[in-house]
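Next, two complexes with subunit A in common: one pairs it with subunit B, the other with subunit C.
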Partner chain A sequence: MKGLLETVIRGLGNGSVYALLALGFVIIYKATRVISFAQPALMLAGGVAVSHLAEVTGFYAAVPLAGLLVAGVALGVERAAIRPMVGRPAFVVAIITLGVDVVVRVVVNAFIGRDVRQVGDPWGFARVELGPLVVQQRWLAMLAVTAALVAVLFAFFRHTRHGLAMRAAAHDQEAALAQGISVGAVFALSWAIAGFLAAVAGAFAGTGQGIEQSSWVIALKALPAIIVGGLDSLGGAVAGGLVVGVVESLFQSYQGEYAPWLGQNFAVVSPYVVMLVVLLVRPYGLFGTREVERV
Partner chain B sequence: MRSRCLAVAAALVALVPACGVIRGDDERGGGVRAPGVTAEPCPFAVDKKKGCIYLGTVSDLTSGPFAALAVPITDAQKAFWARVNKAGGIGGTYEVDVTTYVRDNKYNPEVHRQVYNEMKDRVLALAQTLGSPTTAAILGDLKAGSVVAAPASWTSAWEFEDVIVESGSNYCVEAMNSVDYAVEAHKPRSVMAVHLAGDYGADAAAGAKIAARRNGLTFTDVETPSGATEQGRAITEITKRRPDLVILTTGPADAATIVGQAAAAGFRGRFIGTGPTWNPALLKSPAAPALKALYEQSSPGRPWNADTPGHRAMREALPGVTPNDGYTSGWAWAYPMKAALEAMVAGGDVSRKGLLAAVRKLRTVDYEGMLPPEAGNYADDPDTAIFRQTVVNRVDDKAPTGVTIVKDFYVGPTARAYTFDGPCFAKL
Partner chain C sequence: MTDPRSWTIPNVPDIPTGRFRRVRGRPLLRTSYAQDMALLDTPAERLGTAVLVALALALPVVLADRSLEVLSGAYALAIGAIGLNIVTGYAGQVSLGHAFFVAVGAYTAAALSAPPGGRTLGFGLAEIWIWLPAAGLAAAAAGVLVAPLATRLRGLYLAVVTLGLVFLGEHVFKEWKALTGGPGVGREAAVPRLLGYPLDRDGPLGTREQVLYLLMLALLVLFAVAARNLARSRVGRAFAAIRDRDIAAAVIGVPLTRYKVLAFGVSSFYAGCAGGLLSTVSGYVEPGSFSLLMSVQFIAMVLIGGVATVSGSIAGALFICLLQPLTRTLPALVPLVSADTTRTPNVFQVETVLYGLLIVLFLVFEPRGLAGLWIRVRAYWKSWPFSY
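And then the complex of A and B:
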């Protein structure tokens, strides 16, 4: 039981990184109806920015600074590459975000070099006792920071003018425009928030193990997370990220013992298996909106 | 609009062949004596009266998992051949160019094959083909064209290929010697091989398995994917089964995660990493204390700061670089190619077939002390020719590449007795 709970906490820690990334995907999707494939590059940029800034400011100050820096980059990307494509099919814009991802990664790779860069986090692999459980401090830190950011984000959408404007634009862009809401500003804000969240995810993905050129692949695990949770549900993104993290962690710990016939390293594909199962049962995800189309 | 798109697409397609010219891949004019051999001097010739032998390099130069090793390997080989050219070239008639045809494989077999195909008609041989799965992707072509290639990998499969001029013990021998060394030094009762898939990781794991059986130790095989975030299962297996010895054959970031997290979970067994598993940058990671306490590093040769004529020449030729044993490996790998080129020119048949014939006659190579001469035996049958000595290092943050020798060139009883009749990884 102790081992199971420790495995779940590890999964929740890693899952909270996936949740932050998934939130970015969903916020952009709700605002623009486009899945942004630039999130991996923004995550990498955040991790790398923290690794450089932490040498000067320390880790705690470097994380928000890197978040703001990457939010600025995301704003620039939205203004230069995405805004001119408003009105084009979502598929075309999604392909453009793929191109943006490659370009940003090429630039960021120059700041990584060939070795692994450490993000300067204070936890390393240090552990802490929680009653009978012994867990890594960084997993608790990931979970706590994600919980705080999610709380702030949900308060922003519920109680602030800009947050309400984003919800209105997500619900019906034309009606929002008619009410004087700047849909362009909503697009920009959604990219900035997604960039900030991706940067924080990148910083926490680098804790303990560092950031290298191939670290961007971590962000791909947010894709099954958003499908599991539902493409247009913020709560679903958080739940999906945590589910993916926990499922992956459980497979890493127990599949070899209980289902060795699945072969070694089934944990790598387990998030995608969960995604397929959810798609079969609930095609719009656990918390997604069921779309009704007249034919 | 559609026509404009078509026009842009057509322009891009038209640019593709032009790229070759932009890169300087144009067919060289008169004086071509064989593929990759010209009577004209090399582009940066020391002596313009000499002809030029072009050697290609296909390496992991930017984004692959071994870029931190591959770039120093490539730079060391450029310095090695510059030194050869300054010393009079090959047979007094040719200089060697290893700078014109250098391409990035991104550690992807498909890319490797593609860039090799682009250069293959313009080079005599390959000064470097990095990676086991990547080189396997062009092996058929190398054999069909009698193209000799120096690998930047140590899989046991190369022992059975005439066109490959490998240097140093393969991963399989290295792991055998590591287990035998540990039996002496740490008295383990159980061994676990944690390794990447394929003929890098599986080759070492097979060697560990053979040595574990010979020493009467229990053996567990754990294949793990590449990527620091994917090591959860490997860490769980180590902390659950608690082997006395782990033979680790992964990338450096994977190794730091595995050793660091296993140690944090209370694991106190020993780790011995196979050559490419180490990178001195790991000493800046949170895993550094665990690496210093639990980790040793096997390698096919001595590290950067060893005191041999070859090591001294390398250090003199590479002033100001940050020490890295990629340089050491790259430099050592070039000696057999130099010996074969000299024998080919002396024999008078300056061609691919002439070079391959010269390789087949090499029984020893002068590595200037970096490796024993018998490491360059390409004439005898594989089981006789295989070099079976490796080195074991400990982590030392004061050493230039983070490691110092604890056991110099050594053959364990397992490797000494083992009969190699095929690549080890096929027997895991």
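And then the complex of A and C:
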């Protein structure tokens, strides 16, 4: 029981990183109806930026700075590669983001080098006692930061003018335009927010084990998360991210004992299995809205 | 005044239904539907294709073995690209899982053709006419198994699910060491043998590379003609209807599930054959090579070549494959670019950036790809010296 709870807390910690990334995916999807495959590159950029900035400013100041930096990069990408494609099929734009991802990742890799870069976080692998449980501090830090960010985001969407504009544009772009909302600004803002979230996720994905060239695959696990939660549901993204994190953590701890025939490292691909199972039952995810099709 | 119900449809003999006589000096005037649907419908197209095939046949005499090997690989990849174009270009079902089907084909071929009792699984059936169709069929079976998921989903949901397929497949192939030899170790690839005659050694027909090149060329022509025929048939028109609007297609009587399953099956058949042939060229299969990157490369070939064109898929595959040797010569020309992988910028980074940039640039400026560029050039010279 104690082991199980510790496993779940580790899963929630990792899951909150996936949740941040998934939120970025969903925010871009709601605004532009496109899945941005550039998120992995932005996450990697965030992690690397933190690892360089932390040497100067320390970890706590480096995370928001890196977030702003990556948000700037995301703004540039949106303006240069995505905005000219307004009105084109979603698949075409998604493939463009795939191309952007490849390019940005090569550039970022040049800043990583061959070795693992530490992000300079204050936790490392240090543990803390929670009553009878012994868990790593960084899981708790990730959970707390994610909870705070999610609360701020939801308040932003609920209570500010820009949040209202984003919700309106997500609901119906033409109607929003007719009401005087700049849909272009909504696109830019959604990419900037997604970039910021990806950078924070990158920083926390790098706590403890550090950031290396292959770290970008972590961000791909947010894809099962958004599919599980439903592509257009912010709450679903958070829930999906946490579910994926916990499932992965459970497989890590128990699959070797109970199902060794699944092979080593099955935990790494377990999110995709969860995704397939959920999709077989609910093709629009757990919280996604069923599309109404008109011809 | 006759009773309108007694009107009969007049028997008009001059509405042609079959192949019809061409009008001299009017190569673009079509007088029958069959003419409009013909494989090579103008004399210029017939001549151009003949010249291209003749050129391709002449290459083994002219080029060095090393270049022939690159081209053989490109032809094998072109078969896979045609397959992806069938499901993504013609039928409009976005698949990022093509690498998985290629892997299924490569391992089926390798296992069937390897001698039994070796380090990895083998059945000793080295005849190419056994393992090549078997590789295709195994991949097609995998495609048909995935298709039920695909018929429930559409658009980007489908893209993400097929992406998951690549990761699951990679895991299975890395763990199934009896079949694949395990990551980093790999296994020997399928051996091509035609009626007892080994095609992968130097022989009376020429060197290994020359023989393999001719084999790949023959198979590519075969697969390309088959794909063109599929595209201009009833099935091809059903695919196009599904691509343009699947609900509208269902309304006019296209059975969606049957045709989506068929599209995945045929596409995976091509991918499987491409996998078997591809490994034959390199002589070696490693489970890590069938990754998301390979799927992205296939997508790049289809997009750069031209969506829903067979000739475009071939052009795209050749373009992507020739990009590699071209970037390898960069260090000699541009002093900034290094051939050393530990330095930046090195050729591998330049190559990867080029893939990404080319995808973006083509989609932004010429969404019809290389095929679209060709159409532009042709249209320009057709109406030359007028610009309209």
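Following the convention adopted for this analysis, the second predicted complex is superposed on the first by the 293 of 295 C-alpha atoms of A that agree within 3 Å, B and C clash if a C-alpha of one lies under 4 Å from a C-alpha of the other, contacts with A are read in each partner's own complex, and residues count from 1 in each chain.
Criterion: a residue touches a chain if its C-beta (ideal position, glycine included) is under 8 Å from a C-beta of that chain, and two chains touch if they have at least 3 such contacts.
Nothing here was measured: the structure is a model prediction, and the numbers come from that model.
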Practice task
Once the structures are superposed on A, label A:Arg127 by its partner contacts, choosing first (subunit B), second (subunit C), both or neither.
Solution key: first
Practice task
Look at A:Leu5 in the shared chain and tell me whether it touches subunit B only, subunit C only, both, or neither; answer first, second, both or neither.
Solution key: neither
Exercise for the section: With the two complexes superposed on chain A, say which partner A:Ala168 touches: subunit B (first), subunit C (second), both, or neither. Expected result: neither
Exercise for the section: Between subunit B and subunit C, pick out the one touching the greater number of residues of subunit A. Expected result: C
Practice task
Determine, under the contact definition given at the top, whether A:Arg114 touches first (subunit B), second (subunit C), both, or neither.
Solution key: both
Exercise for the section: Check whether A:Val102 is in contact with subunit B, with subunit C, with both or with neither, and answer first, second, both or neither. Expected result: second
Exercise for the section: Based on the superposed arrangement, let me know which partner A:Val268 touches: subunit B (first), subunit C (second), both, or neither? Expected result: both
Practice task
Have a look at where A:Ala141 lands relative to subunit B and subunit C in the superposition and call it first, second, both or neither.
Solution key: neither
Problem - Those residues of subunit A which subunit B touches in one complex and subunit C touches in the other - result: 109, 114, 264-265, 268
Practice task
Provide the residue numbers of subunit C that touch subunit A in the complex, in ascending order.
Solution key: 94, 149, 152-153, 155-157, 159-161, 163-165, 167-168, 170-172, 174-175, 245, 247-248, 251, 296, 299, 303, 342, 344-345, 349, 352-353, 355-360, 363-364, 367
Exercise for the section: Using the touch definition up top, name the residues of subunit B that touch subunit A in the complex. Expected result: 62-63, 65, 67-68, 71, 222-230, 232-233, 236-237, 252-253, 256-257, 260-261, 263-265, 279, 281-282, 284-287, 290
Practice task
Enumerate the contact residues on subunit A facing subunit B in the complex.
Solution key: 10, 14, 109, 114-116, 118, 121, 123-127, 134, 136, 205, 208-210, 212-215, 217-218, 248-249, 251-253, 255-256, 264-265, 267-268
Fill in the blank from the handout: Listed in rising order, the residues of subunit A that touch subunit C in the complex are 34-35, 81, 84-85, 88, 90-92, 94-96, 98-103, 106-107, 109-110, 114, 220, 223-224, 226-227, 231, 263-266, 268-269, 272-273, 275-276, 279-280, 283-284, 293, 295
